[in-house]
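Okay, so subunit A shows up in both of these, paired with subunit B first and subunit C after.
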Partner chain A sequence: MQESFPIPSKPSFAKVSRNRRLFRKRIVPWLFVLPVLSLNVLVVLGPALSAIYYSLTDWNGIGAPEFIGLENFRRMLFDDTSFGRAFLNNLIWMAIFLTVPVTLALLAATLLARIRRGAMGFRIALFIPYVLPAVITAFAWRFLMSPTFGLGAQLAKLGIPGLDQAWLGKPETSLFAVAFVDNWHWWGFLMMLFLAAMQNVPPELYEAARIDGASRWDEFRNVTLPGIRPTLIFMLLMTAIWSFLAFDYVWILTRGGPAGSSEVLGVLVFKAAFSNLESGYASAIGLTLSFFTLLIIGLFVMLRRRGWEI
Partner chain B sequence: MLKRQRQPSLIPNYVILIALVVFALGPLMVVGFNSLKDSNQIGSNPLGPPANPRWENFPRAWQVGNFSTTTRNSLILVAGTVVGVLSLGGLAAYSLAKLGLPGSNALTLYLLVGSSLPIQLFLVPLFVLWRNLDLINNLFGLIIIYIALNSPFAIFLLRSYMLQLPSDFDDAARVDGASELQIFWRIVVPLSWPGFLTAGLVVALSVWNEFLMATVFLTKQELFTVVTSYYNFTTRFSRDWGLTSAAAVMMILPIVALFLLLQRRFIEGLTQGGLKG
Partner chain C sequence: MKASRFVPAAFAITLLAGACAAPSVAPAAPPAQAPAAEQAPVAGAASGEKVKITHWFNITDGGEMANCIIDNIVKPFNAQNASIEVEAVTMANVWDASKTAIAGGAGPDLFDTPGPSYALAFARAGQLVPLDEYAKKYGWGERFAPWALNLGMVDGKLYSLSTEVETVVLYYNKTLFEQKGWTPPKTLDELAALAEAAQKEGIIPFASGNAEWKGVNEWLVGEWFNRIAGPQKVYDALTGKAKWTDPEFVKAVEMLTDMQRKGYFMGGLEKYYTATSDEFHSAFGSGKAAMNIEGTWFLPFIDNFFGEKANNTNDWGWVPMPSQDGKPLFNMAVGSTYSINKNTKNPDAVAEYLNYLFLPETQASYLTKCGLAPAAVKLDAASLQGLDPRRIEVLETLDRAAREGGYGYTTWTFWPAKTNTYLIEEIEKVWSGAITAQQYLEGMQKLFDEEVKAGAIPPIPVR
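For the complex of A and B:
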């Protein structure tokens, strides 16, 4: 960088001024960043790195960790059946979240992008579930899914039997019931993102499609979808990553039960660490979980390198 | 040539959208109805509006649910975190946007990677570290965690606001001999306040609603937040739907009111960078 100094009267003054300049250019910017960076290292980076070490130890979180090599990982993969089931549940969870809320959000956003009257009202109303805490969402749906009070029970009273089941309490349905509740809170947020992306699609493209006599479906497929592609792909990626982190709704609604039927890896880490006091083992599961998220990011980057337009 | 296009009817749009609104708000309405019923009324009429509304659930829920304490705890957490995130995050954003921080790309990458690490990865060692530092069951201890977790988002949002500010003002102030801290405080903050407001709202909402960290790091009843206390409350009174519904309404109303009041900023902030599950 070209620096022009005012000609100093004394050489020593030039040196001081130069140091000062350097200080202001190089040091001061880092002083501004330092507080937040050190907090972040203390809370995130340091513990994350030490988790790598703890994952190789037998440790109850209180005494001294005992180094046991890869024993935790061996146990996780070969002895602990709950790990395999939780992993499978995470995959099911991901499949649900990659499809159901995305479809619903695309539908609502497409419909909403067309209308003028009341558009703002609809947007706000559909977004409200997203701003509520998980405990509230879970509470409302636990009631609505209850076999004695809920929607199913009311339908049974009206002569439509079969839906008055304990959706959250049965091993066959618990995972899906929890995913449904999480979805209810989540899809409005997706819709808002898609809507924002759709508003950036040039309106001329729609006009051209309409003049060509395109049907609504054609228009959606050939104009809207390509127009919001970056947002869509990014959100699918984030959904895939987040689906490995699922915790709140599962813990609040079922704690992974009944009989482990709705167990996910996030809940498993929590139980290992805080119910079973196996901090070393919990760290191993946590590390594996992070590995999956890294794998997804890696896959994404690789596809992109191969020329996929994502 | 006369090219008249027939506008497709919008009625199907409205029909489906109204159905979706019923889906989104219906459950909340049921909670609202049930907060005004006693257990018998809920038994005979679990979903509909109450025949004769009873308000007794509310004062009882406030007292039994210990709302005066939990609201205080949640407000302390929110206030502490928002102040911390905005001041420390604001300084960092200023450095990134205006001071030409050497190595800024590396820092951005670090913040990006750090904020997408799963909490479950660092939760256990963090818990042990916090116990050794005697910061468990300590609101301040949790505030530090919240600041660290929420500041990357705020930094990105504030930086994008500050990048839009013309450099004339701060250059002029620099020539006049103002320190960078003075420039930040006197010029940049007042000019980018909408960014601070947006970031503050998003952070406040996420701290108010946070469940996992609050469960792990605050285990004493007198330190429970509104959210973690409500979780215990619903387990304790799982059969008293009227009471728990009234408590739910008391939690829903302030959030929704604040959201409606500032919805433009909320939506902007949440969709811009508040990418969290």
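For the complex of A and C:
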């Protein structure tokens, strides 16, 4: 009788190969992402989650926070009249920035796209305001808008009255005056993006349109706009989000005044945290800002799912 | 809120410490737990290495003052002290940076806050080292005016030392006044009549503006509170014996609002909101504006707007801000506070540096070399030689008034943080007509009550 020995089982080549594939497919990508992910958890997710906690506390930013539930949100929505005013100002700000700089940038990009000689000079001239520090731009415009020394005052001396107004000093014009200055620095950047997008539109499409007898307006409407739609929509989305983050120009030019007329949510957060030592309340406002931002992103996602080409 | 000024204050206060002793109530250097017992000894000194401590300086205003202090105060200390090296770090928005750093367990070893109410919050949060043992060791109780030392007391312990002593006065364009035959006003009625007369002649009554610093609002509100309602009434409200909604305060806000709406300040609210400090100081120096209600921090810089430097032939003068009865009344203030950061590894070294900063000779250097107002410590008159006699005059008048109880309370030193911010921000809504004086003060009272409940009211010197 022949003696039988158990044959040790060996993993088949196919099985090893499958495990390696799974490792490479499932694990290796995570290993690559891990450093960045860890950093993100540390500097983004961690503070974001702690902001949620602090928004539910009475905290002066230095001592131990005291849990007070939704009191900060109740106060923000029902007691603090500054919040409603600031929120409305943010909406006005968004409406301005979704229209004025976008229109200007589209117009300028369309015109510049056809210029060959001196194009770079124009582009640099229009782009320079974007690279100037906000504080320089704001100080320069505060002087230019001065009712005593500014452009309006100089024009009035030359016999052209009407513009020597305290644009930053009137409650009815202060927000628009600040938005004007911010827009002055911003629209050149937008124009450069649109210009870059326009240069990727195939020239044949324009030639075909011209052969079909299209006017300049028809070309713009039926060739240029569809051609740059992804860039345009992306910038509209980002502009809407950034509108809720407005702070620097408002702070430098008016501090939210006069009489709260140019106050935006970003300024309220700063005042709550640094002037009033109310970091818990500032977190609640900040969290609300994030909520509005998510709302805008959600709206775009929803429209895209419904088939909008954005 | 400190920083209620564009430039640092400077007036000699040789006698101030003694003069202001009367209003104080709390013990100047109360017994407390020994901080030294909890702290590490000055490390490194024995090994011959210098112990390094940090002091952060604000350069948001350009850094001229910070550099002057570093050159004339910090560097001499480093040169003469064998065991401690102070590292002077300059940065913009130093208050925001240090507040955040300290909350995160770091920050400068010597901690500078904008005023006693902010130091109070940090002390309550356990972020500051008690100074009582150091006060005993270095004799701060004898050196400081008790009222100023008491501003740093929290729950019976000393946590901060107040820096520059400030007050608000009425500057006037002397040359213009002589030309027009005007007399500097002593009473509020005279002030109102003069403002009306100036406006009729096309002259701006008061050079003013808050385009760069909203705190200008509180200079005005604080002055009107103390002058219309009276310092006793302000004291009563700060200590909870009276309400901010009482008729005297309503009257004060309404009178100030009336003057703002008449365009007495810079020619109208719109111009007040857009005028920078250079702009309104230039208008004052050139004679376009007759008067300027501002703190003593303007004194070292006033000559930039008069005479040769400003390309005019005008001169200036000053009087105490007019009061109801004509008696001089000065609202007392301190510029900022210094404390020892709880996170420091070398509290003893910081205390030694702190002691140096408040030595009479160091304070005299602050004043004579950098123009910065001294703290409420006794200075040697001989060390103030060479100062403008008008500054000395401010000192003497302030001294006399303080002896006779003629002092009031500035908002940035004695108001709690939230109420103070409200006072500054919301007054513009009264001026614009969005709310009434009564509504404004009701809002202030509500916040004040909350802050009383939270124990956020800084020590108030009694009358």
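The criterion applied here is as follows: the second predicted complex is superposed on the first by the 268 of 310 C-alpha atoms of A that agree within 3 Å, B and C clash if a C-alpha of one lies under 4 Å from a C-alpha of the other, contacts with A are read in each partner's own complex, and residues count from 1 in each chain.
In this section, a contact is a pair of C-beta atoms (placed from the backbone, for glycine too) under 8 Å apart; a residue touches a chain by one contact, two chains touch by 3 or more.
Predicted model, so just to flag it, every value in this text is computed and none were measured.
Once the two complexes are overlaid through subunit A, subunit B and subunit C clash, as defined at the top of the document. In the superposition on chain A, A:61 makes contact with both subunit B and subunit C.
In the superposition on chain A, A:171 makes contact with subunit C only, while subunit B stays out of contact range.
In the superposed model, A:147 lies in contact with subunit C only, and not with subunit B.
Ranking subunit B and subunit C by residues of subunit A touched puts B first.
Applying the stated contact rule after C-alpha superposition, one finds that A:274 touches each of subunit B and subunit C. When the two complexes are overlaid on their common chain A, residue A:74 makes contact with neither subunit B nor subunit C. Touch criterion not met for A:229: it reaches neither subunit B nor subunit C. Look at A:33: by the touch rule set out above, it reaches subunit B but stays clear of subunit C. Stretch 95-103 of subunit C is the one among 41-49, 77-85 or 95-103 that clashes with subunit B after the shared chain A is superposed. 61, 149, 274 are the residues of subunit A that lie in the contact sets of both subunit B and subunit C, per the superposition on chain A. The touching residues of subunit A, counted against subunit B in their complex, run 24-26, 28-30, 32-33, 35-37, 39-40, 42-48, 50-51, 54, 61, 104, 107-108, 111-112, 114-115, 118, 122-136, 139-141, 143-144, 149-151, 153-154, 184, 186, 188-189, 192-193, 196, 210-211, 216, 238, 241-242, 244-248, 251-252, 265-266, 269-270, 273-274, 279, 282-283, 285-287, 289-290, 293. Contacts from subunit A toward subunit C in the complex involve residues 60-64, 142, 145-149, 165-166, 168-171, 254-260, 271, 274-278. Within the complex formed with subunit A, the residues of subunit B that make contact are 3, 5, 8, 10, 12-14, 16-17, 20-21, 23-25, 27-28, 30-31, 34, 42-43, 46-47, 88-89, 91-92, 94-96, 99-102, 107, 110-111, 114, 116-129, 144-145, 147-149, 151-152, 155, 180, 184, 205, 208-209, 211-212, 216, 226-227, 230-231, 234, 241, 244-245, 248, 251-252, 255-256, 259-260, 263, 266-267, 270-271, 275, 277.
Residues 1, 95-96, 99-100, 102-103, 118, 121-122, 124-127, 210-211, 214, 269-276, 279, 417-418, 421, 425, 428-429, 431-432, 434 of subunit C are the ones that touch subunit A when the two sit in their complex.
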